[in-house]
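Following: one structure in structure tokens, then a few remarks.
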Amino acid sequence: MSRILYISPLVVHGRTFLEVDPAELRSGNTLTSIGFTRGPRHLEYHYYETLVLPDLVRTIAAAEARGFDAAVIGCFYDFGLHEGREIAENMVVTAPCESSLLLAASLGHRFSIIVGRRKWIPQMHDNVVRYGLESRLASFQTLDLGVPAYHADEAETERRFVAAGRRAIEQDGAEVIVLGCTASAGFYRKLQAQLCVPVIDSALAAVKQAEQLIELRDRFGWSPSKIGGFESPPKPEMAGWNLADGYEPADVTSLWDVVGGAL
Amino acid sequence: MSRILYISPLVVHGRTFLEVDPAELRSGNTLTSIGFTRGPRHLEYHYYETLVLPDLVRTIAAAEARGFDAAVIGCFYDFGLHEGREIAENMVVTAPCESSLLLAASLGHRFSIIVGRRKWIPQMHDNVVRYGLESRLASFQTLDLGVPAYHADEAETERRFVAAGRRAIEQDGAEVIVLGCTASAGFYRKLQAQLCVPVIDSALAAVKQAEQLIELRDRFGWSPSKIGGFESPPKPEMAGWNLADGYEPADVTSLWDVVGGAL
Amino acid sequence: MSRILYISPLVVHGRTFLEVDPAELRSGNTLTSIGFTRGPRHLEYHYYETLVLPDLVRTIAAAEARGFDAAVIGCFYDFGLHEGREIAENMVVTAPCESSLLLAASLGHRFSIIVGRRKWIPQMHDNVVRYGLESRLASFQTLDLGVPAYHADEAETERRFVAAGRRAIEQDGAEVIVLGCTASAGFYRKLQAQLCVPVIDSALAAVKQAEQLIELRDRFGWSPSKIGGFESPPKPEMAGWNLADGYEPADVTSLWDVVGGAL
Amino acid sequence: MSRILYISPLVVHGRTFLEVDPAELRSGNTLTSIGFTRGPRHLEYHYYETLVLPDLVRTIAAAEARGFDAAVIGCFYDFGLHEGREIAENMVVTAPCESSLLLAASLGHRFSIIVGRRKWIPQMHDNVVRYGLESRLASFQTLDLGVPAYHADEAETERRFVAAGRRAIEQDGAEVIVLGCTASAGFYRKLQAQLCVPVIDSALAAVKQAEQLIELRDRFGWSPSKIGGFESPPKPEMAGWNLADGYEPADVTSLWDVVGGAL
Amino acid sequence: MSRILYISPLVVHGRTFLEVDPAELRSGNTLTSIGFTRGPRHLEYHYYETLVLPDLVRTIAAAEARGFDAAVIGCFYDFGLHEGREIAENMVVTAPCESSLLLAASLGHRFSIIVGRRKWIPQMHDNVVRYGLESRLASFQTLDLGVPAYHADEAETERRFVAAGRRAIEQDGAEVIVLGCTASAGFYRKLQAQLCVPVIDSALAAVKQAEQLIELRDRFGWSPSKIGGFESPPKPEMAGWNLADGYEPADVTSLWDVVGGAL
Amino acid sequence: MSRILYISPLVVHGRTFLEVDPAELRSGNTLTSIGFTRGPRHLEYHYYETLVLPDLVRTIAAAEARGFDAAVIGCFYDFGLHEGREIAENMVVTAPCESSLLLAASLGHRFSIIVGRRKWIPQMHDNVVRYGLESRLASFQTLDLGVPAYHADEAETERRFVAAGRRAIEQDGAEVIVLGCTASAGFYRKLQAQLCVPVIDSALAAVKQAEQLIELRDRFGWSPSKIGGFESPPKPEMAGWNLADGYEPADVTSLWDVVGGAL
């Protein structure tokens, strides 16, 4: 009954796999996965996030206007999460890092996050701190692999994941592993079998948290507080400034590249 | 399809309301609520928790043996949570404080917890710290009301809740309110209407988290890590010591006082 | 000898005062102040930041290409600071909050930040934490005044600043006051006289830090580390993707509204 | 003149050594060591603590009734410490972890705790945090040895202790070592000689702190604050509920296994 | 049997009361109280501490040479504590703030420190943080009274102490009160009676901790670790530099003003 | 136009190099470097700091009386920094550790400090914490080299610096390196070339911060807050006590050993 939009905030054309299998949704819920027709092909650099951010946030607003119940941001940097919760009046917005950490926190004492390159760690570490969960972080571990290489040689990637997971478990005291990139899709189950600890796929975590938050919103009225950081901008002010005119395309959905599901 | 046991770890006879309305469960799931036939009538004192703890943890073990999918601990002190996750081989265990905080963390920047008496704060504050979320805590606010008085004069209790919530919001910067006692059942919706921020009923939060964790466990195999603090005690060791004999009753279910649902 | 670009990342047309008086620069240095010809007129909402961010970061890149020695971001949310340090190969980038806090840290034991509305606090608090200086923060105090109202009735604004400063000093233990908005320009000197503690104007702090960092870079080679979070995106990758084409205008400087100084 | 009860909260029959040599007490003080006649033989699992906790806390209450001046909990998990300080009206209650850490804090900059197995670390780490001393913790180091094995091959155990201590000192910066299990009794002196840093035997630390707290209570009236977490449960309430009847044996002292000293 | 030197590191002539009554020592132990014949008459300013520090640290060295078992620093700023533990080869050194905090930590969940003037707070707060116990600090409260005024009108001082203690307990959640100045001597017992929580006299706490640490050193060899911050300077180096000659008087004991006890 | 006094707080006779090359000052500013004619030859031990501290703080007071605009403390322990800011009425006082850390904080996500011996770490770590920047500290790394050996075999010292820097970067995640001793003068440039990250020479950082703070003071009136920890002692009180007489030499400048610049 609920409609969820999964946004890979980058150019996805040519990609044939989906980060989240719609079969993993609750019965009755539907998942639409989109990418963009312009922008970068991965998001390792903040500059790339910068370029994409307005398309992402405007996509979140457009999703609410089109009646989606939730928008899920498909990047472990979680960029646009707080902005999305501000712009959305009532739609659920989730992102992989927050979702994974709030889940990992109840599955063990300390978690480690496995990333591709050390470049990513500062922004992600800042997010762990902002989410308030730094004391539960055992470590970051690195694959020494850029995003585009994750699926180049999957056997090698898996080997590195296992090695990084072992270091996290044995040297850093991790009890739970979080895969710190949505490009890790497809690996968690094999790693879980080899490492014998929960291994969180962050895109799945974000989609499932979205379903849960939709239900809590609908049943109990629990949705982001609008008296502080998530207070939405006043529509009259935006209209008065003709804000929408300044940035084109006027209809951001023209940029959507629908990969799975239906609009 | 999933069966959840809600445990009020105290003597409940004579109580006619349920802390969690079974109608709030996902379609197909069932909730059984129990209390105990021995022990204290409220749990403000650690000594009372102490007496009840073995019955609670053995109840968790018994619930798993009887095929429940989750056990929910019905006390905001969350006592027995880590012990329960240790003894359970695969069943989900949740508790109100952890569930509420992990939820509140995604709904706003800071949350406040409203408790009955300052006596409760140290143990609850320790839990906030253990869960790693102290940086998200705006404050504790107090009703100056013991548990037995929560439902003595509900209009007065509501008035105090609203006043405490206002202090939290205006003086302490809270954006989200958590009701820090499962005896707060019944109040959240009115408070939410008056305070205009999300007001979390912690018993509901714990039950809904239980449903979610059951689904995540069944779909993805994500359940508490067994390589650290939640490693279960070895059955042969317990058998060799005749541990079960030392403490009676041998069958803890003889102490259960079923309030709602079916065993 | 050094050229500094001060960027007010919003539409400034009609504004006749400058946030930073060029007379406050070191002898020989020059300051150019710009705003944008499109976008919001204030930045209280994250959505407004979002829209402006690409213009801001591309402006930083353009400034480096045009030979500026530093770019200063004119908004206390400091948005674009880390992104700017990433995209800049060697140009200095500063922002008001970071500059003020690093200065305040050496002037007293604890500082308070005076903001306009509580809406601003979560993002600013996150920044204090990210900059590592939360233990030096005495409090946030609020004027209950939106940015557009700062200069509507300056006597009233001053009165509120003094009252907020007194609360910070007397109740919260602040020894230093930071004015948490670049729209506070013009107030610090009077407040300093009345409050008898240092009162930091954050735009001035950011410009003066920029001058200092230029000198340190030129003398000693000290500039942002490029091995982690500030690693710049690879030019060949961006060229291969025709990234510049995706977003227009191709030449961001066409959006610049030069208020003071010379390009 | 003061009487101290040392409680090994497990079945000790057959054990011939005492964790604390009565000769280490202040002249005139007496030490009685007891174990229990039912329960587990070690306490590595929280479930074992759970079973024993009511006997432990009721033992603390019984000790006060019998005129003991202090009860010392003989397990480094410190379980029952806060519960004991709540139930005791005026008797001193101490436990090994808290005692060792408060001592270690004045002997050097950072301390490391050597435990048997990683299973123990989460609960012990939580205690370090609750006691407020996490910033003084250099690390946990592990022997990879269960409690029952500590005295199986003492030369091997000593060898592992020295290796773990060296890692703590050389890699983690520890200046002080704490032996994180009361089963470590007998090792501290040899380790101290080899490691050349203070090595705290936690059972001794707890007994000596008990003596000190007795003296401070008697001289200056300094004993646990009764206005917060340590507020005792009201006797009329417990009597009204017939709480004592619910749990047997009515007289917990029937379970005591006196190993040393006199009742 | 043990000899303790209590050092009031200022000019005490004309003072007729002792901060620590020798009757409060363990039977057999002796206390000698000294002040200095030069220097300031109170220590509110860091400059005053500065002038006195060498006399204090050299006094500690002289005390060890004369066979004292412990030196107690009689100022709540604890200046000279780490320096004293460095220069002492084996003598115990304690100071009021550290002693009080390590004691308060076991008596309740949070403590407040009552100081004379806000001027004192930054250095004392830094010490709380260095000792690792900031998470246990409820607040500082201020008497608005300089040290020389503490005993000018003792009824007024007591009235202010009670008011400050009430604020700490009721507003800040303190369960324990620490009197943050050794000039508070004489007040703790009356305050304890009125506030109904433990009220720590810091000079007494320091002397009693000294006695305890002497015993632990003598029984178990537990004394400050000498492999890190407390490593003593090498005597040959000091001799080679004729360090002693540079500063006079050569024999610091010529500056001692013995108030109580015997050298 | 501004005059800066660089104080090496130890006996420097025989030393022929200056820690700070006057050519590194802003045009028009002058640097005078002094040492002392009495005291230790290095400052690894707190006792040595103790002896020198009054000469240092009185030198700061004398420098202000002689019209210097700033005093820079030439030791990475930063001892005398807070005392100096208290005694100085309006003169700028800086020290290497604070200056380096406030600079490093804007150059990367985490910094490491390279020290000579582990002995130094506790006091320096305490300073990092006091300055509020612990969350930005990646690690301390050690050369295993005492101060006097830094320039004994400079090739070997450089080799150790490079090795320590590599460990910091690769194992600890440092993006910036701080050389934690003013005796490191001369090394930073070569290390920077080899390590490819900013390497901060702390003496240079302190002198440059002094110049900046002079300018900010003169332009904007920003100087240390005098309402808290830096409140200066009252001159009448000092005069009334004849404080100056108690300690000789009355004129501390008689102890100055001028190495470079002019008085």
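Note that the chains take the letters A, B, C, D, E and F in the order they are written out, and that residue 1 is the start of every chain.
Throughout what follows, a contact is a pair of C-beta atoms (placed from the backbone, for glycine too) under 8 Å apart; a residue touches a chain by one contact, two chains touch by 3 or more.
Everything numeric in this text was worked out from a predicted model, so none of it was measured.
> What chain is the most remote from subunit F, judged by the mean position of CA atoms in each chain?
Most remote chain from subunit F, centroid-wise, comes out as B.
> When the centre of a chain is set as the mean of its C-alpha atoms, what distance in Å lies between subunit A and subunit E?
Here the centre of subunit E sits 54 Å away from the centre of subunit A.
> Report, in whole Å, the distance between the mean C-alpha point of subunit B and the mean C-alpha point of subunit D.
29
> In whole angstrom, what separates the CA-based centres of subunit C and subunit E?
Their C-alpha centroids are separated by 46 Å.
> Quick check: what residues of subunit D touch more than one other chain, meaning two or more?
Within subunit D, the residues that touch at least two other chains are 109-110, 118, 121-122, 129, 135, 173, 175, 227-229.
> Name the touching chain pairs, please: which are they?
So, checking each combination of chains, I get A-B, A-C, A-D, A-F, B-C, B-D, B-E, C-E, C-F, D-E, D-F, E-F as the touching pairs.
> Note which residues of subunit E are touching subunit F in the complex, please.
Its residues touching subunit F are 11, 38-41, 44-51, 53-54, 57, 80, 82-83, 86-87, 118-119, 121-123, 126, 129-130, 227-229, 231-233, 241, 243, 246-247.
> If we count contacts the way the header does, which residues on subunit A are in touch with subunit D in the complex?
Its residues touching subunit D are 109-110, 135, 173, 175.
> Residue numbers of subunit C touching subunit B in their complex, please.
Residue list for subunit C touching subunit B: 118, 121-122, 125, 129, 140.
> Note which residues of subunit C are touching subunit F in the complex, please.
Answer in residue numbers: 24, 26, 94, 98, 102-103, 105-110, 129, 131-136, 169, 173, 175-176, 188-189, 192, 196-198, 200-201, 204, 208-209, 212-213, 215-216, 219-230.
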